[in-house]
Each structure stands twice: as C-alpha cells, then as structure tokens.
Amino acid sequence: MTTTNAEAALAPASKSIRSISSGDTESARARVGRALQHGGWFVAPFLVLFALFVIWPVLRGVYLSFTDANVSGVGANFVGWDNYREAFDDPLVWDSLGHSAYFTLLVVPCITVLAFLMAMLAHHIERAKWLWRLCFFAPFLLPSTVASNLWQWLFNPGTGMVNHVLGIDTPWLTDKSTAMLAVVITTLWWTVGFSFLLYLAALQTIPDHLYEAAKLDGANAWHRMVHITVPMLRNITGLVIALQILASLQVFDQAVVIYDFGPGPEESTRTFVQYTLEEGFTSYRVGYASAISIIFFVIIAAVALGRMWLLRKREEGVR
Amino acid sequence: MTATQIRVKTGPVGAGKVRKPWTAGQIVLTVVGVAVSAVWVAPLAWALFTSLKSETEAVEVPPHWLPKVWTAQAWKAIFETGNITNWFVNSLVVSVCVTVVVLLVSALAGYGFARTEFRGKGALMGLVMAGLMVSPAVLGVPLFSTVQSMGMVDTYWGMILPQCAPAAMVYILYKFFQGIPRELEEAAFIDGAGRWRVFFTIIVPLSRPSLSAVGIFTFIASWNNFLWPYMVTNNPDLMTMPNGIATVMNSYGIQWAQLMAGGLMAGLPLIIVFVFFQRQIVSGVAHTGLAGQ
Amino acid sequence: MGRPGLNRRQLITGLGGLAVAGSFGFAALGSGADALASSAASRVRYWNLFSGGDGSNMIAMLDAFRKANSGIAVKDATLQWGNPYYTKLAMAAAGSRAPDLAVSHLGRVAGFAPGRLLDPWDTDLLAKFGVREQDFNPALWKRAVIDGKLYALPLDIHVQLNFYRKDVLTKAGLLGDDGLIVPIASTKEWFDALKAAKKATKNGLQTVGIHANDQNFAWWFFVAFYTQLGGTYFNDAMTEVTFDEDKATQVLEFLRQHVTDGYATAGAADAEQFMNGSPFTWEGNWSVPVYSGAKIEYGAAPLPPVFGKQATHAESHSFVLPHQSDRGGSSNEGAHRLAAYIVKNALAWAAGGHIPAYTPTLGSAAYKKLTPQNEYVSAMDHQATEPKAWFSGSTGTLAARIGPVVASSTLGSAKPAAAARRMKNVLETLLAMKNPMDGRTAAQGGAA
C-alpha cells in the first residue's frame, strides 16, 4: 500500500529529555529518578519485533546479495560481487527503475496540486462539509487491488466507461504511450484522499486573523491564496511531496494488478519493486533479487536523507 | 505540532448555529464541489451498478450505467462458490491482531523512548529512525527469506508479525508522549506509584486520541495491505481479501459483476465505518501523517 | 465522545473484545478458516490455472470424480494464469505447504527442479488406477521423464490455430469444396488470401487477429514460423547458440507485415472482432468452446505453413506432484487417483479444444466426431516447441525475456533485424546463466 510508508516521518529525533523541574525534596527527586531508570523494559517488546523483522532482514539481505541463493531456502554459495556486477549491466534494472521514476514524476506534482485544490474546496464550502470529505476520501479506503481492478475495468476498450463517457477510442491498456498514464490516473483517484486530508487539517490551523487583515488591505481571494494560504502551507507541502516521492518510487500494486502481473504493453509498466519480485520469486534468484533490493534501499535512503538535509538547512536558514 | 492542535474540525457543534446565506462565491464553489465529487464517486457507483447486473449485461457494448435488469446473482455467487467468506475472516483476523499488537508495543516503546532512561537509548532511537526506510516493498525478498527460515510462510503469524514493527507509529507516539506535562506523572511517582501503573492509569487514558489515531491507521493499512500477504501466502484458503481478489480467479474466468461485488465486499466495511466514525478517522489519518512534520 | 451514552460504548467494547479474542484464537490455530471444515476420509488439495471454458470443463470433471469417489474430498483452487501461478506453486513447494496435486505446463517441468520442488509420480499406483505408459504418445511421455523418473502426467496437447469464418471466406472465395479453408503454402498466398478476405469484411473490423501486443502470443507464433523455416536455438550439447538471425528476421518481417499492410490492428480485441465478423484470428485451441458457444460458422486449421513446412506451436498441460516433505498416505493416493481419472475421462476436455494426451480417447469414435477438433488434430504430429531447458516453458524466463522483443518488432518500435539480434542476446545470456535451483547451466544439464 502506498501509505504504509506515508508515515515515514523522517524528521530528526530529538534526544532531549528535559530535566525534572519539580521535585522539592531530595527524596522525591530520587523517587522520580528511580521510576524513570531502566526503561528498557518498555522498549523491549518492540525491539524484539523490530530486530526480527526489520534489522535482521536488512542484514540477511546484505548477506544474500553476495550469494546465489534460490527460493527453496537451502544451498547458497558465496559469489562475491557477481550479483552487483550483473545488476549494473542488466538493462531491466535500469528500465524498471526508469518506469518507477517516470511514474513518480507524473504522480507527485499531480497529487500535490489536486490535493491542495480539493482541500481548498472542502475548506471553503460552508455546507455539507462531511459530504466532500467522504467523497474525496472514500477511494483511499479501498484495497489497492480493488481500486486497480475497478480501473482496469473502466479503461477496458469496449465495455469500459472511460472511453464511453469521454467519447474517445483510446486503447489505454494496450498502448505503451498510455499504459503508465492509466496507472497514474488510478493512483490519483485512489490516493489523493490521503494528501487531501493532510492539507485540510493544515488549512484549519491557519489563523483567521491573517485573512481578515488581508481583506482590510483590499486583497482579493486569489491574492489571499497566493500570499497567505500557499506560504502558510509550505511545511505541509514539503511533507506531502516527500511522502509521495517515497511511496511512488515503491509503486507495485496498481501496475501489476492492472496488467495482470505482466510487464505491461511492450514492458512499459514494469516497476522496480515488480522486477525484484520477478527475479526473486518467478526466476527463483533470491540472491540476485536481494542485491537489487539493496541497491533500491540505498536509493530510497538517499531520498529520505536528502529530505532531512533540506529540512535542516531550511531550519538553519530561518534562524 | 501536538496532537490536539491538528484535530480536524468537523463543522460547528451545537444547535444554535446560524446558516450563512448563499453568496455568489459559495454557489460557484458548491457547484465545483459537486462536480468533483461526482467524478470521484462515479467509479464506485459504477462498481456497485456493475455488481447488480447479470454477467452478460455487464459486458454489453456500449456500456450503460444502470442495470436494465437488477439482479443479485453476482452477490449470491461470490458467497456460494468463492473463497470470499474465508478471505473476509482472514482479513479480519490479520488486521485485528496487527492492530492490537502494534498499539501495545508501539505505545510501550514510544513511552519508553520519551520518558525513561536506559543505556544506549540514543543509539536505539537512531536505529528506529533508520527503520522508517525499510518496507516490504524495498526489502521484500530478504524479508520473505527471513520469514521462510522461521517456517512461517503460509501461516497467519507469517502475515501478522512482520507488520507489527512499524517504526513510524513508535515515532508518532514518542512525539505525543513528549508533549504530556511531566508534572502529571511526577505527582504520581512521589505518591509511590510504579512506572507501569503510571503508564496504564495516567498516560494511556490521556493519550486516547493519539492511540485511536494510530490504531485506526494501522487497521486501514493492514486491511488494505496487499504486497506482504501476497508474498507470504500461497494457499488460497489463507489469503486476505486484497490478495485473494487479485490472484485467485473464479474458474469461469473474469466475471466482472462478481469481481466488482467482491471488491465492494473488501472495501465497504471500511467505508461504512468511515461514515460513522468520520471524525476519529479523519483526525487519525491527518494526525499520523502530520506527525512527520 | 461520551455523548452516545455508555450502552453503545459498552457494546462496542464488548464486540471489540470478542473480535480480538477470536482473532488471536484463529491466528493461534494457524491454518485458516478452512481448517475447521474438513471431515472426509481423505482430502486432496488441487491447484489449477484454468479459467473460462477450460475452467468450467475442469469443474465438471471434478464433480464427476467427486460423485464416483465419495470418500475423497477434492478441494480445488484456481489461481491466475501465468507467472503468479508458477510463483505461488514454487513458493508453496519451497515452503513445504504445497497442495497434493497441481497442474503445470509440460515445458515448465524442467525448470521446476524435479526432486526439489516436484515429487515423482508412483507409476505402479498410476497403473493401479488404469494409466500406463503405452497409452501415451511416446514423444510426449519422454518429455515428462527426467532422470528416469516420471515427473509430469500429460493431460493434453494444445496448439496455436488459424481460426477462420466460413461465411466470410465463402464470400472471398477462399473456402474449398470440402468446406475447409483452401491450402496456403507461402507468405504470398497468405497475404493474397488476406487481401481477398479484407474485401469481404465488414468495415471497421480487422482482417486477422494476431495478438500483436501480447508478449506470450508473439513468442508462440514466432516459435511456430521459425520452426517452419527449420530454425534452431541451441546445439544438442547446449553449449552454443545456433539461433539463425536471418531466419528470425524473415519471421519477424512476416509478422510485422500484418500490421504495416493494415490487416491487423494493434490492441484490437481479437476474439470479439472475430465473433463480430473478422475473417481470421490466431488463437490457442482453448478458444474453440468460446466460438462454438457464439454460434458462428467457423473452422480451425493449424497455423498456415507459409514457409513451406507444417509446424505450429504446441504445449501440454500436465499434472504434477508439488514437493511435500511428508508425501504419502491417503492424500497422495487420492492425488494419483484423481489425476488418472481426469486423464482417462478427458473427452469433455477435448470438447474444450485440447488434443487429449491419452491415446485411447484420441482414437475413440466420439473424439473423431468433434469439429473443428478433427480438422487440426494432425497438428500434434508437427509440434513446434521451445528448447528443453530450465528456462523454458509457458511464461517461463525465456518467454518473459524474449516475448517482448518479438512484440516490439511486430508493433514497429524495433526493426526486425535489430530485434533478431536482441533475441540472440537473450538466448546467449540464458545459456550462460545458472539455473538458480541447482546452480548448473543448461549445458551442465541444469535440471533438464
């Protein structure tokens, strides 16, 4: 799902634990201090799961990437850097990475603008606010596979509604020039609700008096949007874009369901995640699939760290 | 930003509300809103209407919106022939277990990181932050290999446990717990309460909105999760709704009316819950998302 | 919160608690909702990939089996055809939670690591249920035997066919006195036939459906015509690529010409167009029940021997025993009994278009009466098949990598000569590649 990483909250952790401020007597202070010692037990259950299902798989992935392990789970031989060498020469690695990047490039700006506009609508219409929220957000509550099946059906050339309503005859799902576009449209419809809600929540935090003051100065609605709303939402826009980039690079569900687990017309929609799974589970090459997963992990980490770096730089700029 | 500030307002409360007049701007906005909503809801309506057609009417060219003959055959068929009731139960079992485990461990861990001291805390917190970058999409194959070596392929636990270590939820609750005034706890400590008692009797009740936000978001994510259950389950009896619908076919080929009925069956529970718990869900999603700021 | 009153909240809490308790109970059971409902003496879990007409025929055969063997509960599941199916099957076998019986394309068996992901058939047990080696086409049986053991029990042979509308061909003067399509023996004759047929076709319909943008069909058709030219892929020792780029280019240009001359429309719904009156379509024989059901006048011949020699692409469905560490007992016996039953009672299956592998059925009067099956049954004598190697078989690694190359040439995004070169590259890469299941290349006999 796109949003499992949506929470990828990548701001730097603050390590500060404020010192105890109250505590009049020495013994009270000691008691509080004692109570807060050895808090490791609180963290232990999570850490066990985290170690087993996050840390260990990463280490195992690194190990597997240097072997020729297969899907049966037994009999892996060490092969050195062979997998990585092969990956850099493998055109499908670059093709599929290109498809994921292309998808990201199309989805992120569209979703950001659309989510903002829809939030503005829902925020400013005074009546039946619940209704707009429900309509815009409902698709997000569908499983990705259901949303994708639905659009596969809508894009169907003869029996689908898209061509019928628009009065056109586009072979959406069989032409490589529109194939990825169909995935993008599906994704917009399905996931815009999430970013919409973020914007809506943020809009409600903008103090009214800013608008009142601007009105007094004679600013019209357009000016108020450009000079107050958009700048006030800068942080949230940064967040929406970052979350969408990370989620979009990891696109998998929509593309495989719409194209029946195949690579799309002339292999135009095979995404990177899809390729790693094809190598791992269809070609049974778990070692090689691990190597390209690690490469992908490095790319994702670079994007995430890039955002952190940008945030920090901006904070410094503000100071 | 703290949790309470970003709760989405859900319109005016109380009866003494005065209706604002229809201004020109409001009319235009409402018309645009209706139009966009129509576009957004149309696919869902199309799915619903298709599910109420016969299979032959569903594939008629050109397509038409409303069934000429209304029939529940597709709905009957999915209950009679398919695995769909199995999948529904599986989805429920997996999502409920994931939600409960996630709430428990991430609340404890969030509190542990926010309010207690132990050796290596800073390093561990850094590790958890790094864990935000790991997902089944990025490292699915090694994760599968790990779960396989534990003998949990094609089991409930194989589906559930790997979804139970979400660093993001720990981080969100960690931020929230940091915002709770220390004085509340300290008074209790001075009275001699242990930290577990403080956690369950003071912290947990105070954090209900945050916990429900995390719980709701986890449930939605888990109910709709496709990728991981797809990787780790092969036995059609064990599949969850999203996975079963995508990979298991009816022997009679793609029957669109049935496919749409099955899809609605997977999506409707959350949509109905949404209608009733709109405020909690909206704030839950906004909250978990915004915590990234 | 709080306003709705305590009752509702208590109710929700109660229900929630129940759901949580129930869920953990289920998860602890571990094996799914289905585990609660097994009572029959022996259970056979059976996976297949048949949908459409094949799917309903398979269900009818299963129902007949169930009626005749009430002591055996057959639990069947149909997974999506193609890669998801084989992926799921391999992973279930790797995870030791495999079904008792499954369907596999014969070409995929070599790559399925017999001995590791597949268990061999017990031929004595099969004989007890009435299925013996002499009842099968020897060539077919040989393909199913690896390292001296039988790993696949063939059910059928399925071929690619040239479906034609008799009504349109009559108008175009392409139907012989016997009511069958006139013989076609060269590319010129074929395109002349298309030209004549196009004139007799309703406006807005293509002349022939060749699944131009389907990578699987693209590859199957290529294999057929390339075999007609006598082309080969590898030498016998599997050490060298013998792929002939010139012959391949010839085939690719032939396929491409259908699009450039306007006889085939890329992306058209081929089957629907055929049913609406398009004169030709190339399809697998599994479309027979679809077209028969549509009540149109049609015939089906093997793909035309435009390069002189008869050859059409053929694959086989077969039954396999996915690896189970504790295979044996009544489920295993039930699997043997079920597979033998279906192989022996495959007339309904043959009605679905497939050529039965069980020769007694093939020789029966009832089969000989089936049309258009009797028109193309000869196709089994000149099968064009993929090379036998670990990477071959329906939707296997070879098809997945080489199919898109063929399609890109037919659709015009790559020149035929360049595509032929790329095809050779794919073959070279695969020949050098080790079978991930046993670490051996095709030359080292990697599980082949």
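First chain written, first letter: the chains are A, B and C, and each begins at residue 1.
One rule holds in what follows: contacts are C-beta pairs under 8 Å (C-beta built on N, C-alpha and C of every residue); 3 or more make two chains touch, one makes a residue touch a chain.
Keep in mind the model is a prediction, meaning the values are calculated, not measured.
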{"item": "Leader among chain pairs (count of C-beta contacts)", "value": "A-B"}
{"item": "Most distant chain from subunit B by Cα centroid", "value": "C"}
{"item": "Approximate Å spacing (C-alpha centroids) for the pair subunit A, subunit B", "value": "15"}
{"item": "Subunit A and subunit C, separation of their C-alpha mean positions in angstrom", "value": "37"}
{"item": "Averaged-CA centre spacing for the pair subunit C and subunit B, given as whole angstrom", "value": "38"}
{"item": "Of all residues in subunit A, the ones touching two or more other chains", "value": "73, 158, 261, 281, 286"}
{"item": "Per-residue multi-chain contacts in subunit C, two or more chains", "value": "80, 84, 91, 94"}
{"item": "Residues of subunit B touching at least two other chains", "value": "148, 246-247"}
{"item": "Contact set on subunit A toward subunit B in their complex", "value": "1, 3-15, 17-18, 20-23, 28, 31-32, 35-43, 45-47, 49-50, 52-58, 60-61, 64, 69, 73, 118, 121-122, 124-127, 129-139, 141-146, 148-151, 153-154, 158-161, 164, 189, 194, 197-198, 200-202, 204-205, 221, 235-236, 239, 242-243, 250, 252-253, 257, 261, 273, 276-277, 279-281, 286, 289-290, 293-294, 296-297, 300-301, 304"}
{"item": "Complex interface listing, subunit C residues touching subunit A", "value": "80, 82-84, 86-87, 90-91, 94, 113, 116-117, 213, 215, 266-267, 269, 272, 397, 400, 404, 407-408, 411, 413, 434, 436-437, 439"}
{"item": "Of all residues in subunit C, those that touch subunit B in their complex", "value": "19-20, 22-24, 26-27, 29-35, 47, 50-52, 55-56, 58-59, 75-81, 84, 88-89, 91-92, 94-95, 97, 99"}
{"item": "Subunit C partner contacts - residues on subunit B that touch it in the complex", "value": "83, 85-86, 89-90, 92-94, 96-97, 100, 148, 153-157, 160, 234-238, 246-254"}
{"item": "Subunit C contact footprint on subunit A (complex, rising order)", "value": "68, 70-73, 75, 77, 157-158, 171, 174-176, 260-263, 265-267, 278, 281-288"}
